[in-house]
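First up is the structure itself, then whatever we jot down about it.
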Amino acid sequence: MLEQLKEDVLKANKLLESSGLVKLTWGNVSGIERESGHVVIKPSGVSYKEMTVDDLVVLDLEGNIIEGSLKPSSDTATHLYLYRAFPELGGITHTHSLFATTLCQHGRELPCSGTTHADHFCGSVPLIRALNEDEVEDDYEKNTGKVIVEHFNQHEIKALEVPAALLHYHAPFTWGKTPMESFKNSVALESCAEMAVRSLQSQELPVIPAHILKKHYQRKHGSDAYYGQ
Amino acid sequence: MLEQLKEDVLKANKLLESSGLVKLTWGNVSGIERESGHVVIKPSGVSYKEMTVDDLVVLDLEGNIIEGSLKPSSDTATHLYLYRAFPELGGITHTHSLFATTLCQHGRELPCSGTTHADHFCGSVPLIRALNEDEVEDDYEKNTGKVIVEHFNQHEIKALEVPAALLHYHAPFTWGKTPMESFKNSVALESCAEMAVRSLQSQELPVIPAHILKKHYQRKHGSDAYYGQ
Amino acid sequence: MLEQLKEDVLKANKLLESSGLVKLTWGNVSGIERESGHVVIKPSGVSYKEMTVDDLVVLDLEGNIIEGSLKPSSDTATHLYLYRAFPELGGITHTHSLFATTLCQHGRELPCSGTTHADHFCGSVPLIRALNEDEVEDDYEKNTGKVIVEHFNQHEIKALEVPAALLHYHAPFTWGKTPMESFKNSVALESCAEMAVRSLQSQELPVIPAHILKKHYQRKHGSDAYYGQ
Amino acid sequence: MLEQLKEDVLKANKLLESSGLVKLTWGNVSGIERESGHVVIKPSGVSYKEMTVDDLVVLDLEGNIIEGSLKPSSDTATHLYLYRAFPELGGITHTHSLFATTLCQHGRELPCSGTTHADHFCGSVPLIRALNEDEVEDDYEKNTGKVIVEHFNQHEIKALEVPAALLHYHAPFTWGKTPMESFKNSVALESCAEMAVRSLQSQELPVIPAHILKKHYQRKHGSDAYYGQ
């Protein structure tokens, strides 16, 4: 089932690496079939080059695994939250692409500085606030989706008009009507962020809040690590 | 007809991507046969890798389609305006190459800072003013050509001596006696812009005028979008 | 003997070049089999593309050559010192990757500015002080390991929690439980350093102490040069 | 004749492009056989990919063509001057690699900021003064060699200890005992320049003197152009 969607999700995940947006396994693309409410997503910690259609994981919108023997991306709960909140979304991409992530680390939104931006995003790409200590401890990835959605609702931004968000101290998410469109918006965001970063200057490096440092290190290396297979 | 010119235009379009000047489908090259006044140009929204000679569009200088089943580049009217105003041109290239575009976004001309520049451009590459609200609403792409030509005429710059222009808030155009020469001038412009951007520092990001933001977003995503096939 | 370890060390060394972390022959990866205490390391001055398993050098922890006809990396004594001091290490990578090295040259530690860093390093990557004149003259590479270990012990940093160090005026070392993990930590360090360098600004270029300049030039070009075959 | 030297010169020229040091045809490598005093050099304006051994040009130290049907590099007179002045040289490389050229345009020497530099250059890479109007008009390329040699002699720098020079408003030259060594010194210079440029900041773009702008534009595009075939 979902053969075409799986092909699309696989192709977009492989493009993450070949386009230079992602190093190692630092990114993931998902897609959704709205009729069944089934989401196809990258498995956690698997290299893009070796990934096949059979490695992809299928879940329902509540996170129950429908198909697949590998663990889904550790960011799955963020994807699911966004799909539930924004019914117009068909695909979501998350990367740590270096220029967009630099803006995230510095806590800056990305204003529209030219037509390259205007071709893809109808206004500033917003900066989403960092999670507080409780939000990090209790359901970190789901809460990551929640603060994105809260920001868009509060500021009355339509998700498909500005299909991207910069997460403070973390990295960007982009989306679109299809997995490929969400990937293309990641390319556009990184290009616009590259032009912005080359123009900006800060004398001090930012420092991540300690509870986020601890959480990220622990989810990959702690005794209850849940990143990777 | 125009078989050699089509091969030249196809080759230069494919070089846009392999040279790293262009991501996704953000650029286009055209060429003209002066005898017939026929222009060969990239189709809109088609990927460079898959593009063949048969995808190219042939138009006359008034924009009537002579040959081809796909829509021509959405920037076609700018190319045609430049060919009509500067009879010495044989090829035109438009990209959003990131360093030249950064200068455009910041509203800076590119002075000659060294011999790499002097080898290609006999003086500063000028900054062309942004279009006003009326010029954007009514025939945006044609007016883009018009403000370039006005600047060159007003400042008595010869088009083949300084075969490039930086459009404020937008991106560069370059040209030459042939499509390949216009492409090479894009490479030279981007290299010189790269050296300039790495030297400059602005503390604030520029913000595009709202009417240009709206126009660019609408021509790709609005109800009357005319970008792509 | 050590066939699997040799394959792992060879693979990680070749990745140094294909990943863009290293130019020419400016980097090396080693691995250790803890039972025998045997270390496998890159030969000095051999190109990555042409390197085969048979070119690798096997030494014991005191630096006695067990196997191999080529000279080991000129940085071997640093690797051995680290393996002796940190028994939890299984692999070590040294590069002159340009962004991490820029931080080294400027004498800056790398604070944790975001989750890309937090995913790999549980706190700041420390800056290690430059060697003094005596330490450079007498057993330069061994002393390089010594100052790293002293810093980690003095500041009570656990080697596997912060598996990287920035050496003032020199370049980074990273490590891990395996050669591949040490390589991946080099990728992560360079990405985080890239984001840091793009944010920082110093008006003056640093100048290396004269005794380090002399030592490095001499070990490659002097009458007693010991770099390369 | 000179078959091995020709192979070496060809290989180093092709590496200029594949290593990313050079775009289009903006660089050249030569080599010399000291016994005969014969120099092998790249032909002018020929693409690296298509270049074969038969395209290379052989000249004596006075510039008389011994072999080859194509025009030699337009920078040949600079190479010959350096070979005559520095008998220890076996190969010379000229590029417009972007980071080293940025330093040239800004009129900055490159101090030794770390061991990457110290491994190749025993001290600062000097900035060579721009030619005056007479020197540009009368034998421009020969005078380019002359000011390099004058600087090294005046400051008592040994050519093989600091095998590189940064020409104000122009670009770098590097050299070595062989063509390959001169190429490797170009790689090292560009890496060190990259680290320097990423650290520096100038608020103003430099402007080339008018007589150099005119000369470079004319030698490529004027009525007596001598660049290319």
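First chain written, first letter: the chains are A, B, C and D, and each begins at residue 1.
We adopt the following convention: a residue touches a chain if its C-beta (ideal position, glycine included) is under 8 Å from a C-beta of that chain, and two chains touch if they have at least 3 such contacts.
The structure presented is a predicted model; accordingly, all values stated were derived computationally and were not measured.
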Copies chain C and chain A - interface residue numbers shared by over half, same or different
different
Dist(centroid_CA(chain A), centroid_CA(chain D)) in Å evaluates to 46
Need the CA-centroid distance for the pair chain A / chain B, whole Å please.
33
Can you pull out the residues of chain C that are in contact with at least two other chains?
198, 200-201
Once the touch criterion is applied, which pairs of chains come out as touching?
A-B, A-C, B-D, C-D
Touching chain D in the complex, chain C uses residues 23-24, 26, 96, 98-99, 101-102, 104-106, 169-171, 197-198, 200-203, 205-208, 212-217, 220-221, 227
Which residues of chain D touch chain C in the complex?
110-123, 161, 184, 187-188, 191, 194-196, 198-201
